[in-house]
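Take a look at the structure set out below.
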Amino acid sequence: MAREALLDIRDLSVSFTGYRGVSRVLNGVNLTVGRGEKVGLVGETGCGKSLTVRAVLGLLRKPRARVRGEIWFAGRNLVGLSAGELQLIRGREITVVFQDPMAALNPVFTVGEQLRDVIARSPRHQASERETWARAVAILKEVALPDPERILHAYPVQLSGGMRQRVLIAMALVNEPALVIADELGTALDVTIQEQILQVMRSLVDAKGISVLLITHNLGVVRETTDRVYVMYAGSIAETAPTADLFRAPKHPYTQGLLASVPKLTGEGVPRGIDGMIPDYLSPPPGCRFAPRCPFVQPRCQQPPPWVGVGPDHALACVLYDGAPTGLRS
Amino acid sequence: MSTAVAAPAADQLRRTWYAFSRNTGSVVGLAVVVIVVLATALAPWITPFPRHARAFTDFEHASLAPARPHLFGTDTIGRDILTRVVFGFRFSLLLGVVVLSAAVPTGVMLGLVAGYYRGWPETVIMRVTDIFLSIPPLALALAILAVLEPNLQNAMLAVSVMWWPWYTRLVYGLVSSLRNEAYVQAAQIVGASPVHILLREILPNCLPAVLTKMTLDMAFVILIGSSLSFLGLGVQPPDPDLGTMVADGAKYMPDLWWISVFPGLGILVIVLGFNLLGDGLRDVFGVEV
Amino acid sequence: MRYSTYLLQRMLLSVVVLLGLSALIFLIARVIPGDPARIALGPLASRTQIASLRTAMHLDEPLYRQYAYYLGGLLNGDFGESLYTRRPASADLRELFPSTLELVVYAGLLMVVVGIPLGILAASYRDTWVDTTVRLISLGGVVTPAFVWAIVLMLIFAYALGVLPVAGRLSPGVVPPPVVTGMITIDALWGGAPSTYFDFLRHLILPAVSLSLAGVAQAARLTRASMVDIAGRPFIEAARAFGISEARIALKYMLKPSLIPTVTILGLDFAALLGNAFLVESVFNWPGMARYGVEVILHKDLNAIVAVVMVMGLFFVVINFLIDILVGYLDPRIRLRQMEDAA
């Protein structure tokens, strides 16, 4: 890729040592997000999406978790930075919008207090009370919250789920970071509210040119919101493509299975699930981790799969496309 | 050891023991409690001077510092402290057992009734419990001891009266959540009597929490009992009680320090044992008391 | 319910408790065998004297009337005359209660000022030697009765090392300050005698520390457990993800929610300090309510017993009420239960 990436994750592996053995969850993840891009990361529950987020932010506790690989952000490798340096980046250049807004807000402090503490982290922050307050009110208006003053004085328990989610978005965007990671945005809310939230997000990031990494298991959201998608399975990337291409012509067996399992409004075809379950990370399959469930599995799949390009910005990890003329699909 | 398939109950017991034994503190607690109980049971045979536990004087050997054969020394009228400390454990354990035997069944029964039968039995019982819990425990004990003679029995009565509300509250909370369990409703549908349901379905599920609390309470009751004796409101002389012994010795400090210090250590040991054991049970059963 | 309703309900409960306590003692007192008038006057009293005292004490009137007189007296602060000191019991209390109260207040301060930070420390350095040390100390504090600590500390510091005085509130030769409240801290500083205050502090250290140790231990344990629990909650990780500094997280975002369960139990411990103060006073010869309380019980001096018990009850109830206010402030959810999920 010729474009200079804002976030460049290279060969990220994360394992946990517990008393039952070593759990190798992330297994060589490669992912990039360019400036101003909206990138999706799709996968089912348990595939390691949230773990990737934590790794990027440096939130994994050292003795239990082992992180290998590189995470390049704005010219620096985040793996190996000191806690102090990481803290400077969090909340300012990379921020997160969390999945469950009630869980992410501290119940005993007002929204205003929590928002103020986040604003205080901005490098352009002026110490004045009044300016901080004005900034808080302004950002709440931008996320389309009515009566910002009342909300700033309120406690999280007094707000509805949709309002709390907008507050979290406000907290993530107020310092105008370069990258926002949205973890299952709106999953905890009604579908209609979720749609509103996504719209708010979209308009704000487009207006400010902020890059987004959208983590979700919801294919519909991905299709509408992102420019490029990564499909993740059991700790590594299965396929990546521009969004339209992926939905039009998925190539990896897992992606095909995913798309086939979603019911279509047109009513054609019966949705099919994928047999089997995600692997046990304590003793994962040696080669391709999808092999046990793959309808096209072959002996070669016992080796780690090759990374093959099949189109502009479209690549996947599968032996099926590795040049050899065995059972290809278009 | 039979090689046949272990019965489920025995297996459960073994697993509980396994979890329990991984924690050093719990095992230490258990060991201490077992040793103390054995020592009190065998007191007349294992102590060097069992007669010293009653009224006894020997002024020739009074006020001796710790040395053979009096490892803990003797008091001002010649009684061996070591013997008296071991016999003193008897009173501590007695107090604990009697108080809990009175308070626990009462409290548990009231809790069962209040939690299972909603409506006015519940309201009445829980209001009374709340009021009892709001009364300062020591004030209540003092009031009771004030009008009855200060002695061991009345001290036990006073402490029992302070104690039962905690069990009522604990069991009430448990029963309130358990009564919605599927097996309880199944029993109701089948037509089991409330007594059967309470005793055979609900009560066994309350036992881990109650047992844990009882163990921790032994420690606490012994602590309170020794405090009352220390003030002169519990066990009366010449009976050896750890609290009374500490009080007696306090007058002769610092010269005859052993008269107070060893009984004090005795209290520490027994309370520590029950406390560690109780904490261990709490971790193993995963209950909140 | 709204906060004010909540507070009102708690206040009502307190009043009910106090009434209940007074009724309880009253009933118990009337249950003792023997004639209170005869006991008061002693074995040599004549029948007429006893009869007139019985009338004066309303002993021949129906029970509910007696309770009414009794209650009336209580509300006026009149507890009757103490058999033991032959003075109004309220005068005895006014003389003795302040020193006990002073001891209890200092012990309580230690509990909070030493115990909570220790708990924070143990939680922040979890599973290190700091944590283990604090937990061991806490264990020791919880299992040892206050009077044993008193004796041990006295042996070590007053006798063996000789750095602190053995007993009493002030050294012989030091003039007590003019009595304003009965609490030397206030009186000495009010009267402008700081040296007296410092002498008092030297005498205060051992009793206050022995009294507070169990509470300090409990405070440390509770704070630690609370903070460990809160540390695992999602909003703490969220705060960290926003880049909020570890120090601010520990001291603001973790501490406030952790204090909620801690404060409730600590409140009970603080109230219990009054009871334990009795034990410590005996050891250190502290001129407070302890000896008086025990003696009047042994002498069956009913008026004085009622006075002592009611004062303890009042203290307990006031402390509980203050705790309720504090918890209501710390935990907005208690205040706002009416307004959950507005939209």
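Each chain carries a letter (A, B and C) given by its place in the written order, and its residues are counted from 1.
Quick note on the criterion: contacts are C-beta pairs under 8 Å (C-beta built on N, C-alpha and C of every residue); 3 or more make two chains touch, one makes a residue touch a chain.
Since the structure is predicted, the reported quantities are computational estimates derived from the model, not experimental observations.
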Please flag the chain sitting at the greatest distance from chain B, going by CA centroids. A
Which two chains share the largest set of C-beta contact pairs: B-C
Centre-of-Cα separation between chain C and chain B, whole angstrom: 24
Report the inter-chain centroid distance for chain A and chain C in whole angstrom, where each centroid is the mean of the CA atoms. 55
Going by residue number, chain C touches two or more other chains at none
Residue numbers of chain A touching chain C in their complex, please. 57, 59, 83, 87-92, 95-96, 98, 100, 103-109, 117-118, 121, 155, 157-163, 171
Touching chain B in the complex, chain C uses residues 13-14, 16-17, 20-21, 24-25, 28-29, 31-32, 139, 142-148, 151-152, 154-155, 158-160, 271-272, 274-276, 278-279, 282-283, 290, 293-294, 296-298, 300, 302, 305, 308-309, 312-313, 315-317, 320
For chain C, which residues are in contact with chain A within the complex? 233-246, 248, 253, 256-257, 260, 330-333, 336, 339-343
Which positions of chain B touch chain C when the two form their complex? 130-131, 134-140, 142-147, 150, 219, 223, 226-227, 230-233, 243, 246-247, 250, 253-254, 257, 260-261, 264-265, 267-268, 271-272, 275-276
